[in-house]
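What follows is a single structure, and I will ask about it in a moment.
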């Protein structure tokens, strides 16, 4: 089907699809979880004025941010100050390129998709550091430095957690991983497929914790730490630039949730056994249309967990955070890899 | 020509010397961070100047006075009943409690005692303002540490207490209800049942806070062992209230002195903690809210009937003398040293507020802690700006 | 085993406080100039100016480990009264004799401090005359908490504390001139508009024109 559309049409579809795939989860997460779920958990209603049940609040906020004055501090390094938010957002768009939404509905089909994904997710660290340094503000500098330390420290557990999945799926291609999850069987029982959340449970938990830290969400939000650093590396940003940081934060949350559902929950598919398919080639064409919806549902589930933890926990101190990553998460994920490798060879 | 040459030479030598210095001692100078006066974490306009080495505090100094209103000077031109309106606003979260020690000091000088019913009602309102004040502390504690949910629950449940205070006195935050010789009015109809219902709700709130916040492992790691204040340091700085009891000193001014109030008519416990760290201070305040609900319940049940105002002249002239009364306010020990010259107004009032002493220990306790711990320690010491600055 | 301190704790209030006075006299001798004891209530002791710090050491040795507060009193009656004088009339005659309070004294300014015993749960108020030089000893070496209190007393009354090396202003800006809590420092709000103030009530528009017509 893709072959019948001219190249420019396919590229246009990909670009539009990419933008939707990044912004739609961001918007949904912000409205559903940030505005409404957090409010209900805190015994209040949240935004109710803009639109029915406050559904237009997001557009109102975007409009508000867009019409603000473009401020930048006097002592700031203007060029880097302006570039920093764009780099953080760019890393999100780079990430979505590798997430498949159906057997044929993908943006790119990298054989080393997982490798690419892990590498590209570190680009946001650069943006945060740039924001912290160029703001000419001590609070921002503190926030930026904390962020650098934290984000780099939590890259490792993320990488190590994913290796278990790669060992089991025998491939770094995300589409293959999804196909393996839905096509395989657990000890001969194939009705559920083989979602790696069951066999790689330890890896799943480590991955979700590392994702929480990569997003600088509480309990790992030292870089932002509202009660100490005002807004950390984002202190001096207002208006459109702050909006980009804001969108980037929630879009990255959505994209990481998509990746986690691809790696652990079986992605766009349902167990092939339900429809009698045997491998990726046999999957029906309608899956290309149903896939995104299934993916969205799984993403909502995972981002619900991320947001729920965000609203409940106080934050770690910087050194406790680092200690947790280096002394707890990394050893656990190393053991996980070892056990996975042994079991893979044994069975 | 020679002068220019000399100056140029001097500049060159100075530049060389500067280079040499940089090369020899690659010392990074610390960063001076200004926390406040406008900052999300300080309970008002407190400014803390901290010199940091990386993330560790080398030296920290609070700079108070952004809210100084000159109360001690203002009391000298007011009559005794007018002073009550003024001192309401010192600790504005538990405001009825501010009026009580001053009224008791004036009554001591006049040798007048409020009737028993007034004493009971005073104690009940005192404990209600303690609950209002400390429940906000519990919510605020969460926000300082990053947990955004407890503060909403705290404000929600605090509204019930404020409604109670408003139904009795007419004001949520500044009741101005205490009078020399008794109270302005009796309690409204339905107060007793309403109070019992609210106390039940507050006990549920305390249990929720214990689960949500105190039981959380991250909260424990953030507060245990942080900002330890040993007993003798606490005493020599004049720390009071929960801060002192958290360092192991068993001293509660409600139990340990005999004032014409009704605390000795109820059964309640004084909590102490041996650790002296931030967790101890926060935990003791949680228990104190529970004890306060118990006191209110017991006093509401056993309140005697009778008048609420003793016989005092219409224009109050307090005889000459000096009196000191201090009570166990929500923030600590608050006292008034009243000097009267037989006039309608005081000659000098020295207001001893708890937060002034509590914050003065900050330079001592903040040496060597990390930046996030500054916030934790300040949150656990718990001060109100109006109390520091008067 | 019965300890002396337990027995003392059982003694009713006034014997306890009389014991404190006796102890102080033992420590300071003649420096204890006067005292007022209200049985069961409170104790005020005035000490000589030269023994202020020694008095602090003495009470700390006697077990008064809790530092409550330290401040000063200006015994001169305010020349502005209560700020209720009519600015158009000449200032009224006022009694300006300086009369000290409990435990006497002979100077216009007195520094007073309160310390308590965490053991016996009672307190003692110590007073001292401030000499012409306006300097008394600092208690900062005895009680660490005296630091801020002495800064405030210095700022508000102009009393110097020998031995306190950091007498910066507590509340007021560094360039502030004058010492606000002295009685001869006027309360500016009352100078600008004396209390209750000239009550200027504008008549309602209709009423004013009626009155004008009537007159």
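Labels A, B and C are assigned to the chains in the order they are written; within every chain, residues are numbered from 1.
The rule we apply is simple: a residue touches a chain if its C-beta (ideal position, glycine included) is under 8 Å from a C-beta of that chain, and two chains touch if they have at least 3 such contacts.
The model shown is predicted, which means the values in this text are computed figures rather than measured ones.
Enquirer: Using the contact definition given at the top, which chains are in touch with both subunit A and subunit B?
Expert: Chains touching both subunit A and subunit B: none.
Enquirer: Report the chain closest to the protein's overall CA mean, measuring from each chain's own CA mean.
Expert: The most central chain, going by mean C-alpha position, is B.
Enquirer: Let me have the rounded angstrom distance from the C-alpha centre of subunit A over to the C-alpha centre of subunit B, please.
Expert: Centres of subunit A and subunit B (C-alpha means) sit 44 Å apart.
Enquirer: So what's the Cα centroid distance for subunit B and subunit C, whole Å?
Expert: Here the centre of subunit C sits 22 Å away from the centre of subunit B.
Enquirer: From the C-alpha centre of subunit A to that of subunit C, how far is it in Å?
Expert: Chain centroid spacing, subunit A to subunit C, equals 64 Å.
Enquirer: Give me the residues of subunit B that touch two or more other chains.
Expert: In subunit B, nothing touches at least two other chains.
Enquirer: Okay, in this complex, where on subunit B does subunit C touch?
Expert: Against subunit C, subunit B makes touches at 64-65, 68, 70, 72-74, 76-78, 108, 232-233, 235-238, 249, 251, 256-257, 320-324, 326, 333, 335, 337, 339, 341, 345, 348, 350, 352, 356-357, 360-361, 364, 389.
Enquirer: Which part of subunit C faces subunit B closely enough to touch in the complex?
Expert: Subunit C reaches subunit B through residues 41-42, 44, 65-69, 71, 73-74, 77-78, 82-83, 99, 101-102, 112, 114, 118, 121, 123, 125, 143-145, 147-149, 156, 169-172, 180-181, 183, 187, 190, 195.
Enquirer: Considering the complex alone, what residue numbers of subunit A touch subunit B?
Expert: 38, 41-44, 138-139, 142, 218-219, 221-222, 225-228, 230, 311-320
Enquirer: What residues of subunit B sit close enough to touch subunit A in their complex?
Expert: 31, 33-35, 39-41, 55, 142-149, 152-153, 156, 212-213, 216, 218-219, 221-222, 370-375
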